[in-house]
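To start, the structure under review is shown below, and the notes come after it.
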Amino acid sequence: MPDLSAPSISYVGLAPVLIVLAAACLGVLIEAFAPRHLRWNVQVALALLGTVGALVAVVLVAGRNELTAARAVAVDGTALFLEGTIAALGALSILMFAERALDPAKSAFVASAALPVGSSADRKLAAAPYSQTEVFPLASFAIGGMMLFAASNNLLVMFVALEVLSLPLYLICGMARRRRLLSQESAVKYFLLGSFASAFFLYGLALIYGFSGSVDLGEIRESAARSGSSDALFVTGLALLIVGLLFKAGIAPFHAWTPDVYQGAPTPVTALMAACTKVAAFGAILRLLYVGFGTSEWTWRPLIYSIAIVSMVVGAILGITQTDVKRMLAYSSIAHAGFLLVGVIALGDAATAGRGLSSTLFYLLTYGLTTVGGFAVVTLVRDGDGEATHLSKWAGLASRSPLTAAVMTLFLLGLAGLPLTSGFTGKFAVFRAAIDDGAWPLVVIALLASAIAAFFYLRLVVLMYFSPPAEDGPTVGVPGLPTTIVLAVTAAATLILGLAPNAVLDLAEQAAVLVG
Amino acid sequence: METQYLPASGLLGSAWLLVVIPLLGAAVLLLGGRRLDKIGHLIGCATILLDFVLAVALVAALAGQPDGEKAVTDTLFSFIPVGELQVDIGLLLDPLSAVFILLITGVGALIHIYSVGYMGHDPDRRRFFAYMNLFVAAMLLLVLGNGYVVLYIGWEGVGLASYLLIAFWYRRPAAATAAKKAFIMNRVGDVGLIIAVFIMFATLGSTSFADVFAGASGLAAGTVTALGLLLLLGACGKSGQVPLQAWLPDAMEGPTPVSALIHAATMVTAGVYLIARSAPLFDLSETARTVVTIVGLVTLLYGAIVGCAYDDIKKVLAYSTVSQIGYMFLAVGLGPAGYAVAILHLLTHGFFKAGLFLGAGSVMHGMNDEVDMRKFGGLGSKMRITYITFALGYLALIGFPFLSGYYSKDLIIEVAFDSGGALGWILGGGAMLAAGLTAFYMTRLMVMTFFGRPRWDKDAHPHESPAVMTVPMIILSLGSVFAGFILVNVFPLGAWLEPVFGPEPEADHVVAPIVVSILTTVVVALGVAAAWFFVARREVPIRPPVNVSPVIKAARANLYGDAFNESVFMRPGQWLTRAMVYVDNRGVDGAVNGLAAGLGGTSGRLRRTQTGFVRSYALSMLGGALVVTMAFLAVRFV
Amino acid sequence: MSDLPFLLILMVLPLVAGFGLLAVPEDRHDLIRRITLGVSLVVLVLAVFMTVAFEPSGPRFQFVQSYSWIPDFGVRFALGVDGIALVMILLIGLLVPVVIGASWNEGADAGRGTGKTGSMRTFFAWLLILEALLIGVFAATDIFLFYVFFEAMLVPMYFLIGSFGGPRRQYAAVKFFLYSLVGGLVMLASVIGLYVVSANEIGQGTFAFDALRQISIDPDLQKLLFLGFFIAFAIKAPLVPFHTWLPDAGAEAPIGGAVLLVGVLDKVGTFGFLRYCLPLFPDASRAFAPAILVLAVLGILYGALLAMGQTDMKRLVAYTSIAHFGFIALGVFAFTTQAGTGAVLYMVNHGISTGALFLIVGMLISRGKSRTIGDYGGVSSVTPLLAGAFLLAGLSSLALPGTNSFVSEFLVLLGSFGPYPVFSILATVGIILAALYILLMYQRTMHGPIKPAVGGFKDLNKREMAYLSPLLALIIVLGVYPKPLLDIITPAVNATMADVGAEGSTAQAGNGGDD
Amino acid sequence: MTPTYYLVLAAILFTIGAVGVLVRRNAIVVFMCIELMLNSVNLTLVTFARINGTVDGQIMAFFVMVVAAAEVVVGLAIIMSIYRTRRSASVDDANLLKY
């Protein structure tokens, strides 16, 4: 029976996470006590404060490399870089949450989620300028969970973080003001499948615990090294853990939920999921595979290799025939998850480990920024009942609103990975690492996949520029300050990281450290 | 035979003006636009006359050169200097090119003057003279070039000019087509010439006459033969020899002076010039020479036979040209013995054929552009000058004793016999037979045109042409009477050309010359008699008789030459083109579009798996999980 | 030679101006035109000055500038030109003002029922941006930088075709973009591979052309990398069977776009052969040369036959270009100084003559409102000047001696005859076909009786003469006196041939070729 | 008796849960099946704790319970809201989002 002396906790190292979670808790209290007319502004301020504060904290903490809270949480380059990325992208998403200018009813979120759709009360509130301000603390919780997820060095913490990030997301997925049925449906689907997946993860956890007697990644590695990891428990456990993570990252063949949820959820939430969740999930994947199972690469490498291919191909091919912008971006995210796995593969070789890791980090950042931007543009294009996401509505957008079309084109080219955009720099970094690692067949496939993917990005450009505008075309809303900031930041980032990426590349280079 | 060319100096250094003057004329006329319409023709004639004067001066100066220095070259500027390849634009003036520049500028000038009248009513006369100048310039460049590349430039320039002139009346589809045909068939020949140039560079590293001829002796026999045959191909294209003869008669679509220029003075003689100029190469290849003679023989018989069947006065003259050029090829093919003779015939032919064409033009001029001889007849009385000059040209052509044709043609037949062996007899015999045929069709032409009862259309009012047209005809007729005599006895061409072709070998006569000329004269007489018997003695039907012997049918269809080209090249070509277009659209492009469609289809089908049912998604996840686990276990334990 | 960063100026100037145009109000058409034309003329002047200042006997790369860009990737923003790149930049400088003249009213009728979605401002903005990127492609001496421009230049051309093109412009634009993109991505794999190789060879990875030229790569690996580059360039050039995007793009693009597309943009492919394939992968180049020559000769004959089969004038011209690109490829892969020089000169000449041809066809279309050859006839009776220009451009396209194309075609054929007599002879047949397709088109449109539709045609106006005459003049001048260009090109080609291990090689080294 | 049996039992329970998710239509039942899976994991954890002779597993079980409870809260909320709209808790009715 070990003594139960409390472990030492480096609060400084954990500051980023703690700040966000604190902000979230405060938010709950405000919901409880602050008068309604104040809530919105206070909540927005608080949520932004949390995320931006976390970002600042990351900058301050940067440089530490340690394990804290009884080795449960890592405070190292990778963790901090990812926490910073999540905080930044989270802040941008929060800004999109806070947009009031676009929807006539002042918010993208429902006034009262509890009311049944179409009920008289619901109709009464439909145009009312209220909304569920709980979304802000919920989002903060989710962001906090993600940051912890990416930093956790312990399967149990990882699981808890997984739930902390998931549960709020399930809820806010269902809180769209327009098209509530779709929104609720996406919530149900996400929830059921999500908890299904976490059950797998949990079972995997249990098996690994059974194998190594611990859920600490470091100890798992050692015991794996000790007993040659030749145990069915070990292998099955690892498999189930990976399944759980692949689900969160929305990687084929565990992507089924992605398109539906992305389409149904309120667009700001979709942005949050597409950008932050992916970053967090990949953070967890990197840590799990390289810290926990780094010594038994040969078990998982071939599998990740093939899954990367599947994901790229499925995402690219299914994207071709999509007719809904958000769905299209969902499949694009599936394809990009595949590209990211190429980077994950490239970590393999010890000699080039740093490069593979750093390129993956960089890719995550660029992809997140571009995607958030893309969804931000989606929120601008609206018609009678909310956003006009059907492709046909986008015909001739350029002649209606050249600027919007231009910005969207920039993001699309970025996603397609054309030179002089961040997307190209990221792809280049990842592919270079992969070829360095001898995985050139994978790279060739990736290139072909991105060629196919380019087709559906181009399709949207063709629609916007080369098609005459449709009669009952949508109106392009004039964004308020928040969305404007989001668009400005993401567009600038997409360009700058394409033109002069060096500073950020260096940062990723230095951050490419995994302790534990 | 070593030829070294001395650098040109003094007057001889101004040979380049010969080319530049008419070229400038053409440029001025083309760029000048409508404002020059009034004086266009004057500019044209002035430039050519000036050229002629300059040419005479140059030849005089050349004649003044001491023996052994009768070949001067003048390098103007570096054209294509790349590594070992150093192509310069340079001119070579030697007895051979001297003869040609005189012919070209002389006859050219006459034809220009004639055209002033002939084209008097044409609104585009300025353009006409521009093209004519261009033609002369290109031809002069061709004969003055000091290397094969320069020659080739002139060569294609002539092709272009002929294209422009044949298509001068481009509103007539026939004219446009004929012009295109001429250019294309010339291009076929050009390919031969240019490939020869490649071989020269590949083997000798140079393309200038001096280097090529100097190095020729060192070449493999096969190479030389190849060179000879390729050059011959080029020559055939330009000179309308079998198998590339088909364009020449069609070229009659152009205005008559053009025909005169093409057939007498310039274009068609280019082939003869090329072979004569390349004598040092042909001297080295028996095979090549033999082929040349055979081509010549075939062509001259072909031309003579077809010439007998046509009713179109210009077509008949055209085939006569084909046949006469055949004589020249035959001669040059015979090597040192024949070169000078060929050139001699080329000159005399230049005179009388130009005369004949101008005469024909004059007739058409008077008969408002009628060309069907069956609608002529009895014109002798209406247009005396035309009649007389034409008659003289006719006599010269059939080789009436002591007229110019007599000298040149007899000599060719002699040389043919002298070449010895069975081939000698065949060549000689063929040539002699052709002489008879020539006499026949030319007599037929004479009779149908000038003698007998008029068969004119009602609205025809034949009248003599103005002096500006008749004077050149008179001058040419004088030439066709005396040229032969002069060039043999007074001013022996053979001696003049000796620096180029070397001394004429002392021929061992197989048949005594006198016998040959007597025989020839007899054959010619027979031909004339036959024509008289068949044509003059009975009424000439307005419509050509339909039920005639297959021979005549074939001849009327120019022995199926065009039919052959159509069925062997044109139609398969069109078919191939269509096939290719289909392949490209359906095949190559289809493959790509098919791939795209395939991806789209796959995508569409895969989409269906996204059913929207949570439980099916869960199933896919469970399946995935199982697969992953199994894979892991497999990797691990298998 | 002054130390001004010429190349940088050449690129930045149009780029800045291009974006600057967006600040000009949409409807100030004259201002927009003037700015664009002015800028392009300045570029032309600078390019001419560079050509004069260039020392053929000097170092291989001149006007060299190099700035640090992305050290982490070992990428430098390195510019410099050898004789080959220089003449191409000169060609760009020449063609862009001409194109501006030809596109004087492009987009002026935006939206007014024309179905075209672009405005004049955007057209000229894209045009200037395209010019900048094109110059960059030829001036880059860092392969990463080259690749960036190689891909980036697709975007402006894509919008030029898509927003200002003909009825099927969407299809054409996407087809063009995807073809090039696929090629580019395959090349990207090779580019990265090359980098990794250099990392293993020299220690740290680099993209510098000169450094990469010196490392020796294992032949088998060379083949793989070579193919990556080759496919990209073969699509761009385009060689049969990668060509089917060109007729669509060429036919649908606005005339100005078509001129730059075929005249310059496609040359990047053949330029890439010379600049990258040969020097970087000499062994692979030699190994693949025979196969590529087959493609080249195939392209010459195939392109010519297809050109004859076309009924659409613009498609016809596009197919003639495919034949011409066959000649260029033949010259590049014959590995002789003459052929190589001929190929480079061919790139310039083709830009001029085909550019002129496209412009004139465009004038016809602007008058007759139809691309179908059959709708014209007897035009030369109505508009003699136009007809004359057409004939001259056509003659240049069929390489008549005295026109510019003759020199290049002669050099290519003569140069390739030594090592590959058979290919050379087959290619020579192509000049007959060339005469056929040009004269066929000329006869059908210009000759014959005047078609009613043609009756009202106006002859060339001042503006048309203004932008056409320079090209026509050059056709003659370069046909008579090509020496200045040859002197610039030859040393660069010699250097390239030295890289591929064929130094001093000449057609003469070949056999007698008496077959 | 050896603890392995408990592992087997847990595995069986987990499978039953997973299958249940696939075959049952009612969202509530589906959700209960997921809970079953979680609890089978708890059993596994506890068993392993016993085998390894440490308490960690048992502590983890508590974590899992808490998380499961949280899940119930969220899950029931979502299911309830959609039930009140559609008057049906069948997961198959919710398939507006597809393809």
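We call the chains A, B, C and D, going by the order they appear; numbering starts again at 1 in every chain.
Criterion: contacts are C-beta pairs under 8 Å (C-beta built on N, C-alpha and C of every residue); 3 or more make two chains touch, one makes a residue touch a chain.
These numbers were taken from a predicted model, which means no experiment stands behind them.
K.L.:
Find the most central chain, measuring centrality by the gap between its CA centroid and the centroid of all protein CA atoms shown.
P.N.:
The most central chain, going by mean C-alpha position, is C.
K.L.:
Roughly how far is subunit A from subunit D, going centre to centre by Cα mean, in whole Å?
P.N.:
Chain centres of subunit A and subunit D, defined by C-alpha means, are spaced 25 Å apart.
K.L.:
Approximately how many whole Å separate the CA-defined centres of subunit A and subunit B?
P.N.:
Inter-chain centre distance comes to 79 Å.
K.L.:
Which integer distance in Å separates the CA centroid of subunit A from that of subunit C?
P.N.:
44
K.L.:
Based only on mean CA positions, could you tell me how far subunit C sits from subunit D in angstrom?
P.N.:
The computed centroid separation for subunit C versus subunit D comes out at 66 Å.
K.L.:
Using the touch rule from the top of the page, what residues of subunit A touch 2 or more other chains?
P.N.:
Where subunit A meets two or more other chains at a single residue, that happens at 188-189, 192, 196, 259-260.
K.L.:
Which residues of subunit B are in contact with two or more other chains?
P.N.:
If we look for residues of subunit B contacting two or more partner chains, we find 607, 610, 612, 614, 618.
K.L.:
Show the residues in subunit D shared as contacts by 2 or more other chains, in ascending order.
P.N.:
18, 21, 30, 91, 94-98 - these are the residues of subunit D that touch more than one other chain.
K.L.:
Run through the chains and report each pair that touches.
P.N.:
Going through each pair of chains, those in contact are A-B, A-C, A-D, B-C, B-D.
K.L.:
Please name which positions on subunit A make contact with subunit D in the complex.
P.N.:
1, 113-114, 116-118, 156, 159-160, 163, 167, 170-171, 174, 180-182, 184-189, 191-192, 195-196, 199, 202-203, 205-207, 209-210, 213-215, 259-260, 263-264
K.L.:
Can you list the subunit A residues touching subunit C in their complex?
P.N.:
Against subunit C, subunit A makes touches at 396, 398-399, 413, 418-420, 424-425, 428-429, 431-432, 435-436, 440, 443-444, 447-448, 450-451, 454-455, 458-459, 462, 465-468, 500-502, 505-506, 509.
K.L.:
Which of the residues in subunit C end up touching subunit A in this complex?
P.N.:
That would be residues 69-73, 111, 115, 117-118, 147-149, 151-152, 154-155, 159, 162-163, 169-170, 173-174, 177-178, 181-182, 185-186, 188-189, 192-193, 195-196, 199 of subunit C.
K.L.:
State the interface residues of subunit B toward subunit C in the complex, per the touch definition above.
P.N.:
30, 77-85, 149, 152-153, 155-157, 160, 163, 167, 170-171, 173, 175-177, 180, 183-184, 187-188, 190-191, 194-195, 197-199, 201-203, 205, 219-220, 222-223, 225-227, 576-578, 580-581, 584, 588-589, 592
K.L.:
Show me the residue ranges of subunit D that touch subunit B in the complex, using the header's touch definition.
P.N.:
On the subunit D side, the touching residues are 18, 21-23, 25, 30, 91-92, 94-99.
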